[in-house]
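Chain naming follows the written order as A, B, C and D, and within any one chain the residues start at number 1.
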Amino acid sequence: MSDMRQSSWKSGLPFSIRVIEVRDESRSARTLMFRRPESDPDVAASGDAPDFNLSGFVPGQFVMVWIPRLDEKPFTISYLDDRTFGITVLKRGPFTKALHAMNPGDWVGFRGPYGRGFSLSAGGVVVGGGVGMATMATLIDRLDKPKILQGARTADELLFLDRFPGMDISTDDGSKGRRGFVTDALAELISADRPAMVYACGPEPMMARVLQMCRDRCVPCQASLERFMKCGFGVCGQCCCDGRRVCRDGPVFNSDELAGLASFGRFARLKSGSKVGIGAYHGGGKGE
Amino acid sequence: MSDMRQSSWKSGLPFSIRVIEVRDESRSARTLMFRRPESDPDVAASGDAPDFNLSGFVPGQFVMVWIPRLDEKPFTISYLDDRTFGITVLKRGPFTKALHAMNPGDWVGFRGPYGRGFSLSAGGVVVGGGVGMATMATLIDRLDKPKILQGARTADELLFLDRFPGMDISTDDGSKGRRGFVTDALAELISADRPAMVYACGPEPMMARVLQMCRDRCVPCQASLERFMKCGFGVCGQCCCDGRRVCRDGPVFNSDELAGLASFGRFARLKSGSKVGIGAYHGGGKGE
Amino acid sequence: MNMKTDRIAAGFEPDLSVSLAGIRLANPTVLASGILGTTKALLKRVAECGAGAVTIKSISLAPRDGHANPTILAFDAGLINAVGYSNPGVEEACREFSGLSDVAAPVFASVIGTHAGEFVEVIGRMEPLGFAAYELPLSCPHTPGYGTMGGQGTPQATLEITKAARSATKKPVFVKISPNMPAIGEIAAAAREGGADAITAVNSLGPGMLIDVETRTPVLGFGMGGVTGPALRPIALRCVYDVFKAVDLPIIGVGGVSTGRHAMEMVMAGATAVGVGSAVHAFGPEVFGRIVGQMRALCLKLGAERLSDLIGAAHKQQGLP
Amino acid sequence: MNMKTDRIAAGFEPDLSVSLAGIRLANPTVLASGILGTTKALLKRVAECGAGAVTIKSISLAPRDGHANPTILAFDAGLINAVGYSNPGVEEACREFSGLSDVAAPVFASVIGTHAGEFVEVIGRMEPLGFAAYELPLSCPHTPGYGTMGGQGTPQATLEITKAARSATKKPVFVKISPNMPAIGEIAAAAREGGADAITAVNSLGPGMLIDVETRTPVLGFGMGGVTGPALRPIALRCVYDVFKAVDLPIIGVGGVSTGRHAMEMVMAGATAVGVGSAVHAFGPEVFGRIVGQMRALCLKLGAERLSDLIGAAHKQQGLP
């Protein structure tokens, strides 16, 4: 007798899909577009039912992106409609360089989606820093005209200016929008009018400040964390932030959860599992 | 990527259940009653979800009955209500002797149900020979007052006289009902009033005669075959009657299918797979 | 890369045929031994369902009853079996499998024995029949006297038995090996040295065991048995990959295949033909036609005009073991 | 047999505690090495979820990055992984795992090395910490220099490394063995001779392989990896059964356990404790409490007042191998 409920076991092998379009989003970010396998007649014709299936995707979830013979890393879905999806990639190291070098027709493997996404409520404010805006894009698509604050170092690193008109923009150098940090804009907004929810994704020091600000003024908030991932589904312990698995318990956490994480904003783990300061982990990276 | 639809793979391990009641049905047949695991609160309390589950049972299907350290053989479900089920066993050889020796509290293992059962239609006639009546019992429960013909060698081998009052009984020795074969009674009935369907289970020579009779008079018929079984789910080829797997394509076949089986009524296979005459296979057995 | 290959409506019909040790198969699927291979009528049916070749259930010199039931059970990740080579013996098998030209695909005989001489004798009795090849399963993990329980899975025994069988027939000889031996390449090499024309990789895994908690008893009549189906698939693929590296013989890849995608993985790991057994549980004998249709669609997707061009394709990647 | 035991509302609370090489576990479940065992915070969480003991992810002398991603994938019958022993090295591990009394269950250290001396050195560095025992996995199938790829799975190497580790500590030493070696009993015997206090059976199976058809590439970064979860379960059970027959040491049975019934099968095959790893994929860390609850219910059903009375119960049947 087997009392294991089979439905609990989920196969999650990568499924390779060809790039159908490449779009430059900013000086350093590029979007790769793909056909969704669920709605691809060729996939159905070959009798395939890929494990990779975006039909239940929740903004804030992520997918594991595989370049055969190179590596596999977590990315957000930044575009999603009935037929296609896309990822928006900031050029940082060898893996993202290889993604930037892709052309239509090239294969990329996907598994997922994984993790716990945002829990949606009415009347929120979206705060995106750098490539963290990629995570916010599908969230914005589903919210009802949220206020959007985007921050970046300079004007040519801003994302989705045409896609989401009317964003409140901050740049470190003042090359577009206000000069200063996106957290300054949020501070102003919060003191003027307490929002029902703040959704944030960006460099962890930025998110730490957002959390602090929201807790000080009793505004609920959710933020999406980034950690080095291996399995992506909660068994290896690689991505943990204290006792939480970012890949499965997160990557989105709410204020109370974040406040309980001593490592949040402070420490992360490298590929070997070594714990380092969050600055060393990002190597100054993540859109800053 | 795994495109195997997991739902197609069915685990089917035996689940052991205690005998709750023993009933003598005739001189040589005995019924063992069990609690259905689906409705057993103790099973639910232990978090078990046994593979053995009778909720989709169709009359004509069978289960594999396991006595640990002895053997496992196919049997019909002869009693089925919301809480309990039973099998009715004719004492023949070592295995059925062991079943007859069981007492309340003893464990018996079950897997299944397996196979294709009867397809039900209105206005049928049920023909049972010997312990073949066990197969017909749940069918009779579901049909709307069918005509029932039962045959046996002598009166004290008849089954379910109280359970199904008003059966048309034949005995070889005339000790009860008409003297003669149940096929004689069927011949009479068919010529008087063409039934919409004949359902038969009994010794194979009897079923061969029923088939012949029905085909001659263009009456549709279904009969349940018996062959030596191992897997019970269609992979080992042990139970085959020509190119048909009795365990999965059957055990119930309709007139056209039976007419295409050269071995029907003539040959069966022993445990080694050796093909022998149907008489040698039954060793004179099956309720005759 | 050409975007046109992305569309299945490409303008060619892929050639799925393969040549296995000189035997032409219309497609690479093969009914594995021990599944539905008890009668000619069943072989016919499986061939009509689309199998490229079919294998009979293994035959010994004398009839064998095999182990007590339960002999074959499905668990959540595969099948577990200890049939114990029940079969009616070679004499009756010769009656059952006469006139094999009725079967619309090549038929392979599976031959077992407890020593080399028995293999020779069974093959000798079968020679007049229409079998296309002989398969020697030296790798069953649950039958005393046979396979790994009979010491037949070592390189020495494999060499000796293969040689003997080789001398008994001019037809191709396949040696079926076990996934349980770490040095699988050595065994394949021994089979090659003995004169094998192909390697069948693999037989069932283990043995494994499952226990009924209520009665504290192993559920199989024999107590333990070989594991097949989904659980075996990754192991079988790696074995095929290893054998392809170790010897230059064609391989019949067997283990857990139930879809065209699984079959294609086998081919890319190095298999020329692909055995299918346990998948009959999930999909019936119709699984053969289903797999073949899916392989055709995958060839179109990949722009492969001949399936045989893909044999061993996964070995052409750098930096892997 | 007594009908009263049929009712779960029996009048006793079964004792699920076991003594494993002198270590008392409140229940037999153990977090297997390599699953969630990277930080003390995770060990704490798993212990709070109900595990009877927890094992850290294996630690080597120097930090290791392990293999390239993908390193861990779920397929339809289990997980396949080639993590390649990524770990921060013993120095950082000693920081991470200080103050282990915060964890509500005994913590086992898993120690790896490329030769006996390295095991000794790592153990030496860990001695001041609060580990309850050391586990030596001599059986990983996918990391060059370690386990079976490092030649550690032979009886000789097992004896040598176990002896060295034994001399380095007074705490219990567990030797973790492979399901891939046919002569598993010999390896267990070698571990016993070397002074092991318990056998952990088993590590992952294979290696296995899965191939992405579109890109003709094995899906794991390392190309192949160990198979665990449902696919491994029957093999692991048979291994535990074999080791129980071969040596009189307590066994930590590991492989494919995800329910109380599976755990009970392990106990009846001969396990004193039961490791759980891949099931975390299906059920989360909460799987430990779930398994323990189901084991309690099964003990009531079987009328067993002490779980430990059931250890090896499946061996008490006649006529089985």
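By our rule, a contact is a pair of C-beta atoms (placed from the backbone, for glycine too) under 8 Å apart; a residue touches a chain by one contact, two chains touch by 3 or more.
Here the structure is a predicted model, which means the values were calculated and not measured.
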| item | value |
| --- | --- |
| Far-end chain from subunit D, centres as C-alpha averages | B |
| Winner on C-beta contact pairs when A-C is weighed against A-D | A-D |
| Centre distance in Å when subunit A and subunit C are each reduced to the mean of their C-alpha atoms | 46 |
| Separation of subunit C from subunit D, taking each centre as the mean of its C-alpha atoms, in whole Å | 33 |
| Subunit B and subunit C, separation of their C-alpha mean positions in angstrom | 35 |
| Touching two or more other chains - residues of subunit B | 1-4, 6, 9, 11, 13-14, 47-48, 68-69, 107 |
| Subunit D, residues touching no fewer than two other chains | 75-76, 210, 212-214, 217, 229-230, 259, 261, 294, 298, 301, 317 |
| Residue ranges of subunit D in contact with subunit A within the complex | 34-39, 41-42, 44-45, 57, 63-66, 68-76, 79, 81, 83, 86-89, 92, 96, 210, 212, 214-215, 217, 219, 221, 229-230, 258-259, 261-262, 277-278, 280-284, 294 |
| Interface residues, subunit C side, partner subunit A - complex | 1-3, 6-8, 75-76, 212-213, 259-261, 290, 293-294, 297-298, 300-301, 317-319 |
| Parts of subunit A lying in touch with subunit C, wherever the complex brings them together | 1-2, 4, 6, 9, 18, 41-42, 45-48, 68-69, 104-107 |
| Touching residues on subunit C, where the partner in the complex is subunit D | 75-78, 80, 148, 180-182, 205-211, 213-214, 216-218, 222-224, 227, 229-235, 237-238, 241, 256, 261, 264-265, 268-269, 298, 301-302, 310, 313-314, 316-317, 320-321 |
| In the complex with subunit D, residue positions of subunit A that touch it | 1-4, 8-14, 16, 64, 66, 68-73, 107, 109, 111, 230-231, 233-238, 240, 242-243, 245, 248, 269, 271-275 |
